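Given below, in the form of structure tokens, are the structures.
Okay, so chain A shows up in both of these, paired with chain B first and chain C after.
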Partner chain A sequence: MFGKKKKMNTQDQVVLSEQHDSDYVLEVSDLVVHYELENETVEAVNGISLRLKKGETIGLVGETGAGKSSTALAILNMVPDPPGVIKQGTILVNGHDMLHLKREELEKVRGKDISIIFQDPMTSLNPVMTVGDQIAESVMLHEPVNKAEAMERAKEMLELVGIPGERAGEYPHQFSGGMKQRVVIAIALSCNPKCLLADEPTTALDVTIQAQVLDMMNDLKNRLGTSLVMITHDLGVIAAICDTVAVMYAGKIVEYGTLEDIFNHTMHPYTEGLFNSLPRINQKGSKLIPIPGLMPDPTKLPVGCAFEPRCKYATAACREKPVENRQVSDTHTVLCCAYEDPDFMLDRRRKVTDE
Partner chain B sequence: MSEPILEVKNLKKYFKTNSGIVHAVDDCTFSIQKGKTLGVVGESGCGKSTTGRCILRLIEPTSGSIRFMGEEITTMNRKQMLGVRKNMQIIFQDPYYSLNPRNTVYQSIAAPILQNKLIPGAKKIQIEERVLELMETVGLAERFINSYPHELDGGRRQRIGIARALAMEPQFIVCDEPVSALDVSIQAQILNLLQELQETRNLTYMFITHDLSVVNYFSDDIVVMYLGQIVEQAPAEKLFDKPLHPYTKALLSAELEPVVGANTKRIQLKGELSSPLDPPDECRFAKRCQYHCAECNCGTPPLIEVEPDHFVACHLVK
Partner chain C sequence: MIRYIIKRLLYLIPVILCVSFLVFALMDLTPGSIVDSMIPSDATPEMKQAILEQYDMDKPMLYRYAKYMYHFVQGDLGKSDISGESILNMYLTRLPNTLLLAVTSLFIAALLAIPMGIRAARHAGTLTDTLTTVVTLIGMSMPAFWLGLILLFIFSFQLRWFPAGGNMGFVSYILPSVCNGLNMMAGTTRQTRSAMLEVLNADFLRTARAKGVPERRVIWKHALGNAMIPILTTLGGNLSTAMAGSVVIESVFAWPGVGRLTAEAIMSRDTKLACGAVIMTTILYVVMMLLIDLAYAFVDPRIKARYVRAKKVRRRAVS
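Here is the complex of A and B:
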């Protein structure tokens, strides 16, 4: 009796929060994620804010250790605890406050409102279950269907991602890498989530297969109106699929803007550095300009700008005080104190203006 | 024209498995001039790493001839081979797995020097000097000499791999995806280092990669492989300006440029690499090719020179 009453309450709460009315499918504000180890604290994410509208795609770019994946896990409230702690921030997924939901409510939201595709399709599928069963499993968790209906749905999902439905009875090892990633995408999309997190979905794939998977994701996005968070280190992937871009460095968003803002009106020295270190297909012979040094140790982040030791524009001021976010235009923000000098301009921008 | 440092003719490597014979490398012929870089591109499973390993005889080729610095090496015995390998080295893809986790940087770099008795009757101090010299060459700070691989990041680990290869003062290095496990900013550091080493030491590289922009940046000549066979071979500029094989065209168009609006025209390849198990005698790319016609199923297309230095294996390009 008591149990039943409790369940009723839970449902009431879910209904209440669904009434939340907003243009944004995903709203992250001031998120801080730390990993507290025995004798040190890894400051993985240090105050990130993001907003994503329906049908929009945002790209999170950055190198290993920039905090991209920790952000994704935090959005799903899946940060491994211990040692991970979400120190502060709010995360609203379709109006649900992810950080204050009960376990069973969270399970309803994950998969139904938001789901995730992990980087490596080889390890994110269960090797002893057929792919059909794996898709049907998530359908049955979220929708009032029986096994046969769920299996029907699983076959439809496979067709949707370009795999013949009759292969639903096969096991993951019978599929190639690209196919496995499609299966993972089919699982993620099986309950029509409003928002999809994709953590390096094409990094483990060959270029031709990458092109297929990206085209498919683009197509699904247009057809189903899903919002997408694309986590990648590949600026080419970003250019191909994203509307807005957030460049991350040492757990902070250093530059945030539309695709056009980031690629054609680059403001942050780190973003410029990323572009300079990419070999380009039609610019042979020009020497690459790597970013010197390495990302700072996330257990000992400096007070000032974390990029300062690697930045060629750095001044003493960068080291001393925390950097404040600067609004450049309606859509474009940059975290760099060099712009306190109104004449400051990156070399990349200067070149464009000179031409 | 200078003497080719490496000439590979009709190289084949077949693996026998329970379900048939895998044609990993099937009849590959190419050569590399001294001081130049040959880029080998292709998707995973096309046999590019197997080719690299066959050249060092880390795996025994099934048949074919490999001439290195004028000598046939496929018939050499183990002892002769050890001598030749001082001149040919390899840098592996994943610096996380190619180093012994229990050895310090010093031990890892000193190992090839000690093993090959490069400094006869060397005292410990001389070896240490040599290790420090190598570390400086590859840009590793002296303070890492007693570090273990797990304490270093990917870029530094790859530098150890390069130092190990350089310890032998080789003429020729096979670079098997040396930067694909690294972040872009670190990738650029390693690519620049490899290029500097080539300029100062007149090294010859065989650069194996799946990343077309890296291969174009780095190579003089490029070989495109598909399912164990070379489908196109040309100087880098030619290949990128005027790709002739449908597979090369598709690969180039699948490469995503980091430019807004650059990635609109893509040739969609259907399906995936077909099985290298007992492939039939036909064009191996035919099943995925948008220009596929009846002729494609009539025998394997030979690699023919359609323009000077530009070789293509396609029934439709003549």
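Here is the complex of A and C:
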């Protein structure tokens, strides 16, 4: 059953990579994802554009419900339908137009050109298949190898993520949470994908394991030259491994820039809020400043700025008209109308300048 | 694992005791007995007494039961009171007919039910799902004897495609298997549907799709593999029941199986034969259920691990 597909796959691969001459491994432009329920529409992603070069890492930050996971699923064209609908946008993964590929072609791109690590390792593995089989399955689908070779490869992948190869014959229930996440990572990396999506890969793990898994991912990424989309709500994770950061709020990227841009030249009030709600070890007794309020109801998004009700800099103008994206520098954009006033500066920046 | 098997087989002892006692008691409670037809109307009291004594009918039921069990524990099921044949032989010559019919019925049921159940689950809430529900409801609520009669009427008497009864080779299997299979199919379809519904939203299917597994394989390998336990339970229960011999189906199709043997024994008041057949069927049923339980371990490694773990814990407790 696999024999025929393998051949087609390698041929396609050659043709497609010849066609593909762009620098970018992943290009998402103007992506809109809605969930159309019976009596309301959840506007999860509202016009997102991202670009990722080979070997680069981009971080998608934002609180729960910001549309990060929907973006990731949309990139794989795996938004659960119904109720999810990709309303508009284009997604190019290594030159493949993900939204217009046929199902069989899509199946060839998934796992081979792009793969994903899901949030919860406990439920992400098939409980009735050995971990070795689960890794080997991916290899056999995308590469012209037989079962024994695929199994060898699976063992190598396990070793790569720090699990002894002999454990390939064991089932997921015989592994701990952190180990399972390593297996999930091994599956995702088994065919050397050009691009890896990591959807909060460390959220379900305890803190000591988080650091280990992150280190390992960073190391593998550098070794294999994979581009990485790191989805997280943890700015610490972002600081540790990302080159570029996109801060998401209510389905939009509110601030986009290099790590330096976002951390040292913060422009958006929401990004500032995220930093203020981080504990600071070196300032004992300093209180955390949470962002007041909640994310707006994604079924009733306002016309104006979605962050306006929670923003301490908000003016009447913010509420009334749609916000335009503002290019601050070559690498840095922000979605905030406060900058129409040329003297406007966030408190965080002011403090830095004062000091 | 072996301890578990032995434990399960030991449960057979009380079950056999209960079942055989019930058969004896019920046969005794129903009016009339085997000797009634043997005693001529002009028999002298002495003749009558002699016949009664020959069959121990002058003694209490418990005496006959104890005597029967005494022979049974020595591995002797005795001889039929009517034909004088060995009961074990009678049973074993009929058994292959029943077993083969059970297997063909199961095949029909599984081949229909699993694809239908999967389809219904994947299109839950749509017309396909509703139609499947209707079909299974019809299948469930149609009594086997009625369906059997209808099938016989159409395909044997009207169209003359299949023989109306008895076992005359392959063609004879078709009608009873279909009749039996349709009844099994209904429950299995419902079970497959609900088991698949539970699995279809599982995260590991998303993982499989994300690594490029073709949809067909996602459903038939990843999803079905995890939905197999409840399906296996239903199919296994059906198989065990069918192997025990369906009295109704075998009677309708004049099928020379163990179900009909039991029915005939009861009709002719042959208590020993009835009891022997029921005991054999009980053993068969319990062993089948045990085999199904053991099959779980092969379907789900977590259950296998439980057997192994239980063993380890026990060892640790001993040392």
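Basically, the second predicted complex is superposed on the first by the 338 of 355 C-alpha atoms of A that agree within 3 Å, B and C clash if a C-alpha of one lies under 4 Å from a C-alpha of the other, contacts with A are read in each partner's own complex, and residues count from 1 in each chain.
In this text, a contact is a pair of C-beta atoms (placed from the backbone, for glycine too) under 8 Å apart; a residue touches a chain by one contact, two chains touch by 3 or more.
Being a predicted model, the structure only gives us computed values, none of them experimental.
A.B. asks: With both structures lined up on chain A, is it a clash or a fit for chain B and chain C?
C.D. replies: With chain A aligned, chain B clears chain C, so fit.
A.B. asks: So, does A:D206 touch the first partner chain B, the second partner chain C, both, or neither?
C.D. replies: So A:D206 only meets chain B here.
A.B. asks: Looking at the overlay, does A:N146 come into contact with chain B only (first), chain C only (second), both, or neither?
C.D. replies: So A:N146 meets neither chain B nor chain C here.
A.B. asks: What is the contact status of A:I116 with respect to chain B (first) and chain C (second): first, second, both, or neither?
C.D. replies: Second partner only, chain C.
A.B. asks: Could you say whether A:L274 touches chain B, chain C, both of them, or neither, answering first, second, both or neither?
C.D. replies: In the superposition, A:L274 touches chain B alone.
A.B. asks: Touching A:P127, do we find chain B (first), chain C (second), both, or neither?
C.D. replies: second
A.B. asks: Mind working out whether A:L288 is in touch with chain B, chain C, both or neither, as first, second, both or neither?
C.D. replies: In the superposition, A:L288 contacts chain B only.
A.B. asks: Under the stated touch criterion, name the partner, chain B or chain C, that contacts more residues in chain A.
C.D. replies: With both complexes superposed on chain A, more residues of chain A are touched by B.
A.B. asks: For A:N39, select first, second, both or neither according to whether it touches chain B, chain C, the two together, or no partner.
C.D. replies: neither
A.B. asks: For the combined overlay, can you note the least CA distance between chain B and chain C, rounded to whole Å?
C.D. replies: Result, nearest C-alpha distance in the overlay: 5 Å.
A.B. asks: Taking the complex as given, what residues does chain B use to touch chain A?
C.D. replies: Going by the criterion above, the answer is residues 43-44, 153-155, 183-189, 191-192, 195, 210, 212-214, 216-218, 236-237, 240, 250-263, 266, 268-269, 272-273.
A.B. asks: Under the definition above, what is the set of chain A residues touching chain B in their complex?
C.D. replies: Touching chain B: residues 63-64, 176-179, 206-212, 214-215, 233-240, 259-260, 263-264, 273-282, 284, 287-292, 294 of chain A.
A.B. asks: Note which residues of chain A are touching chain C in the complex, please.
C.D. replies: Counting only chain A, the residues touching chain C are 76, 78, 103-104, 107-112, 115-116, 118, 120, 123-130, 137-138, 141-142, 171, 173-174, 184, 187-188, 190.
A.B. asks: Which of the residues in chain C come into contact with chain A in the complex?
C.D. replies: 202-204, 206-215, 222, 225-226, 299-302, 305
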